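Here the chain labels run A, B, C and D in written order, and each chain numbers its own residues starting at 1.
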Amino acid sequence: MKPDKVIAGIMLVVGLVVLFRTSTGGMGQSYSREVTVSPASAPDVQWSKYEDAFPREQGEPGVSFSWSRTLGLWISALLTLAIFSFLLGDNVVYKLAEAIFLGVSAGYVMVAGFYDGIVGKLLAGLAPTLMRDSLLPGLPPEQQTNWLNIVPLILGMMLLWRLSPKGGWISRWPIALFIGITAGFRMLAYFEADFVGQIQNTIVPLLVFAADGSFDWVQSVKNLLMVTGVLSTLTYFFFSVEHTGVIHRVSRVGIWVLMITFGVGFGMTVMGRIALLAARLEFLFDDWLWLIDPLNRRS
Amino acid sequence: MTLLKEGQIDRRWIYLAMLCAVGLPILLQLTFPEIPSPKVLDVFDAVDKLPEGSRILMACDFDPASAGELEPMMSAFVRHCGTKNHKLIFLALWPQGAPVIKSNIVILNKEFPEYEYGKDYVNLGYQPGNEVVLKVLVTDFKKQCSTDVDGTSTSTLPLTRDLTKIQQLSLVISVSTGNPGTTEWVQYVASPFGMPMVAGTTAVQAPSLYAYIPRQLISVLGGIKGAAEYEQAIIDHYPTMGENNGAREGLRRMGPQLLGHLLIVMLIVVGNVLYFSQKEKGVGA
Amino acid sequence: MKRTIPVLIASIAGLVLIIAHFVPPAQSWGDEVNTWFQILAAFAFFLGGGSLLKMHLKRISDQQEGWGFSAVTLLAFGITLIVGIFKLGVLPSETYPTKPWSGEYLGDGGALWWIYQYLFTPLNATMFALLAFFISSAAFRAFRAKNTEAMILLVTATIVLVGRTYAGAFLTEGFNPHWQLAAIIDEWFMSVFNTAGARAIKIGIALGVVSTSLKVLIGTDRSYLGSEE
Amino acid sequence: MKNRQYWRTWARAICLIGCLLVKNGSYVTFAQDMANIEPLSPPAPPSQVVAKDAPNDTGTSLVVMWVLSPDDRDEFLPRRVIGYDILRKTSESGEYVSVGEQTYQKNRFTDTKCERGKAYWYQVVAIGPSGERSEGVATPTPTGPEPQWIDGSRLWFGFELSIVCAAVLYYIGRANKGDHFTIRHIPGLDAVDEAVGRATEMGRPCLFVPGIQDINDIQTVAGVTILSRVAGLTAQYDAPLEVPTSRSLVMTTARETVQASYLAAGRPDAYREDNIYYLTDEQFGYVAGVTGSMMREKPAACFYFGAFYAESLILAETGNSIGAIQVAGTAESSQLPFFVAACDYTLIGEEFFAASAYLSKQPAQLGSLKGQDFGKLCGAGLIAIGCLLATTISISEFPMIKTALDYLKNNVLGDGGLLP
């Protein structure tokens, strides 16, 4: 039996269900609620904004069928299916979805970088008055021009120089600043939290007595295993001595501890990936196909 | 059997099995009881035992890719803080974290109508610069966040008016998927300044964060299981929350989780049995 | 000039930050340097966008295989960027109703919001959801107990997988609370062995980061400068 | 305020009279009545308010501390104190202005808006549930903030960091002078040699994947170093080598590295520049490209050295399905499980960096590795000493040992400063 037939069968059934349910208006619709905004600070100005509404709320004042949201819902559902089609092999639909993804994600981070970094940090420092009048009206009035921001402006321009075919070395200055700063703060943070901090966390008594004076053997074994685990694994990561004799045996224990660590990591990762799949399927079944309604959106 | 060809199988059959294992429990809306584990209760207590009205920083460092695991956690944190009247300051180190904050503010507005912007919660939006943002937040809050996401000055909002360093807050809740995320919050904020912090992370990240517990990090919710147990802990303490289906998102996702895990375990076992049986045949031949 | 100045910049910037950590009056220099870093990080997004533009334009002009997809990418990129930068459809902030540009760039109902909500979110999330399928086929074909180490790993993974669902609770329901699978995983596997392994890895990597950073600061490691020109 | 005071007096009087009138009214009902009325009265004030300089700052903060109001207790429900208001004035005759609030059960507030050289008077007021304010309790004397030039709490930390840095520098110096350091045998490197050998025997190519990060990531740099070894072997055995990259800068570096290896092996003619190519920066796009080429070319040996994320599994699984020998190395601990489970050999975390240092044979690399080992030894020593002290105390309370352990945990490894 070839899976192709089964898959084709499933696709046909899904297609028919979608067709039938859409034609009867039983799926894939979005509603929005019109809310009038009248800001307190300017009584003569007012406008409408639209919020998500549940299909069950249709008929309530201001709630109506939303074309843009419905279109969006269908596009999201089709894109989701397009990505899943990769499982059947690389194909045009997947490639198209991927091309859209590449463009949208690059565009989005650029917009976010522009408004939050260039406007919010650079221009707010260089031209606070202009920004107060336009993009950032809430900038504190006491904020003065910070001329030091010219330095990152120039360095930023130098970074963009990398796009030109010649003189790529110019971008080394900002890159060096980038790397130097990273080196500086990473050195401190890692040493503090991951070296000193971990040593301190590992200092525990190997014999533990409960409050009533009795010997707490469970906790004692736990502490003993933990400390031995850390020390033996550190031995495994010891490179300047050859691992023979006792050191070999200790580092072997270390490797087993690491394998249990990785086993836990493996199990947890599987759990995570399945959760993500469940979330996508829930989107398809709930938001788009209207097969389930756990949030009582429609009833 | 044509299904198995030389110990291999058309992988599309396995994909189909996975689709069914995850899809059917969702369609049938299977749910199972959860018992909050001690690590999850530690997170619950850290939020619950704070005096009402404490100021909390909510860091949302994730993108839609991990929303399946982290969205339930994030909204559970928001709902828990809401029932305790804690004051929330939202912040994202990921550009994609900003929309997540907004969807959680919608929850706040709908379910806790008494929450007032500026007084009870503030949205600082996305802050670019990765861990460097944290370096500045611990020395000069206003330098990093002179305005909130709407451009309102943080010096005028009652909640942030007196804030000069984030160490003045009572707790950091970090919900994160990667770098920058919980590890950076521990390295730059919780560890050097002894700030109390709890985290909710993807299952992938959780094991490595256990190394920071309990001194540098109070506790961590790992993946969807952590989210489900946390939701259960909230429902156990505040039974009215149990009537809210939105507050059971993690619990609902544990149905597909059960069948999915069992399928994977079965595949590993069958794969290994076939491998060893073939290896033996190979040695014999 | 092409190599010495960058090395100096890196050293000075790093040292300022280290000094600021120990000397309170120097903290404000550290803050200033950190702000520069953030601004540069924003420029780096522009560099990324620029490289993307350059690469795909070249593909289209050379009519390389699959150039049509490059055109789609560029179109998606251009539209997202333009509607985002010009805040198309974004309503003004309610605090400053008279300033039309005061709204948030991702404001509800705006064009960028729509793109984010209905294009970016499903694509991003589904890409990662694909991994559930890959894991399932890998579970069958790749994860073999070839040696003791792999055996330990797979057995641990199996216990965790079973224990992290209702199956674990179901199998060990009648036992003492300490001997329930979820508790065993949490108390022993996660909190003892996993913590020990994670701590040792962290200690090792922390030392690696310290020595690498040190080499950058004293100028021994210049790999970031690329090759000689 | 005044009205409420009267009201309270009247209420108490009525209660008392009521109790006297109802003869069998017990003391309990009286107390309950009182409790019902009590919340309306302002809570008792806090006491012993003091302000002092906040340590280790530039002289901009003062810490205000107080003893909680006797009404601020967890067992009083509804609460009689919901918080404290902290006020300050800058001159003896000035007026108190609020500088912040603190919630109940907290007895500290840091005022971070002080100026050096000024004096401040503080007052703390307890606040009741509906905003009733207790009497204000003021600090007895004015306090001024003082700057500290060195952050005393970080002295030990600085000392330890300097020791590790000094060790790294020392060993780099010795290595530069020509001292030879032995590095332990790293089995994964044998696996690399073996895999290239097998690919040659089978007449199929080798595939090298240098991770998905850019060249500024130290994992990518370590991966490229290992690439030079692999390239040397393929040049020697005359096996084709393919290197797809996800960053253009990595491609440039990889080309230079491989070319140099072929030159060193005396086979510059066998070097094929086109086999080292850039695919795309996008994670999944890159993986799709690499796996596609794996399915077509069916390499006999696959090497994954660098920074990997979710794609690790897809790569390793595809490699497994085509029956290739696979060797991997990464420091991304969340991806290590997949490599360990699916590859024939995996260099774990630091081992990966060590392998690259070992192969590069650069004095700086080897020396710093030795310095790191020194750091690990110190760390292990501190853990051992600490555990020994802690165990001794749990058997019997020796005050001296307890002091030593506290000093170790709070000062040497904490932020307690030099003095206990």
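By definition in this document, a contact is a pair of C-beta atoms (placed from the backbone, for glycine too) under 8 Å apart; a residue touches a chain by one contact, two chains touch by 3 or more.
Just so it is clear, the structure is predicted and the values come from calculations on it, not from any experiment.
K.L.:
Could you tell me which pair, A-B or A-D, is linked by more C-beta pairs in contact?
P.N.:
Result: the pair with more contacts is A-B.
K.L.:
CA centre of subunit A versus CA centre of subunit D: separation in Å?
P.N.:
Subunit A and subunit D have C-alpha centres separated by 19 Å.
K.L.:
Taking each chain's centre as its mean C-alpha position, how far apart are subunit A and subunit B in Å?
P.N.:
Averaging C-alpha atoms per chain gives centres 11 Å apart.
K.L.:
Taking each chain's centre as its mean C-alpha position, how far apart are subunit B and subunit D in Å?
P.N.:
18
K.L.:
Counting only residues that touch at least 2 other chains, which ones in subunit B make the list?
P.N.:
8, 15, 18-19, 22, 65-68, 96, 98, 125, 127-129, 132, 135, 150-152, 192, 204, 207-208, 211, 223, 225, 257, 260-261, 264
K.L.:
Can you tell me which residues of subunit A touch two or more of the remaining chains?
P.N.:
Expected reply: 86-87, 98, 101-102, 105, 108-109, 112-113, 116-117, 121, 135-138, 175, 178-179, 181, 185, 187-188, 190-195, 198-202, 227, 230, 234, 237, 258-259, 261-266, 268-271, 274, 276-277, 279-280.
K.L.:
Which residue numbers or ranges of subunit C touch two or more of the other chains?
P.N.:
17, 21, 27-28, 34-35, 37-38, 41-42, 48, 51-52, 93-96, 102, 108, 116-117, 120-122, 124-125, 127-133, 135, 137, 139, 141, 143-144, 149-150, 153-154, 157-158, 161, 164, 187, 190-191, 194-195, 198-199, 201-205, 207, 210, 212, 214, 224, 226
K.L.:
Are the chains arranged, by touching, as a line, ring, star, complete graph, or other?
P.N.:
Topology of touching chains reads as complete, every chain touching all others.
K.L.:
Considering only the defined contacts, which subunit B positions touch subunit A in the complex?
P.N.:
Residues in contact with subunit A: 2-3, 10, 12-13, 15-16, 18-19, 22-23, 26-27, 29, 65-69, 71, 95-96, 98, 125-129, 131-132, 135, 142, 146-148, 150-153, 155-156, 184, 186-188, 191-192, 202-204, 206-208, 211-212, 215-216, 222-225, 245-246, 248, 252-253, 256-257, 260-261, 264.
K.L.:
Could you pull out which subunit D residues touch subunit A in their complex?
P.N.:
On the subunit D side, the touching residues are 157, 160-161, 164, 181-185, 216, 280, 282, 284-285, 288, 292, 333-334, 336-338, 340-341, 348-351, 354, 358, 369-370, 373, 375-377, 379-380, 382-384, 386-387, 390-391, 393-395, 405, 408-409, 413-414.
K.L.:
Residue numbers of subunit B touching subunit D in their complex, please.
P.N.:
The contact residues of subunit B facing subunit D are 8, 51-54, 162, 164-165, 168, 170, 192, 194, 204-205, 208.
K.L.:
Where on subunit D does subunit C make contact in their complex?
P.N.:
Subunit D reaches subunit C through residues 56-58, 147-151, 154, 158, 161, 164-165, 168-169, 172, 215-216, 218, 221, 248-249, 252-253, 256, 281, 284, 310, 313-314, 316-317, 320-321, 331, 333, 337-338, 340-342, 344, 349-350, 353, 364, 368, 371-372, 375-376, 379.
K.L.:
Which residues of subunit B touch subunit C once you look at their complex with the stated criterion?
P.N.:
So the residues of subunit B touching subunit C come out as 8-9, 11, 14-15, 17-19, 22, 32-35, 37-39, 63-68, 96, 98-99, 102, 125, 127-130, 132-133, 135-136, 139-140, 143, 149-152, 207-211, 213, 223, 225, 254, 257-258, 260-265, 267-272, 275.
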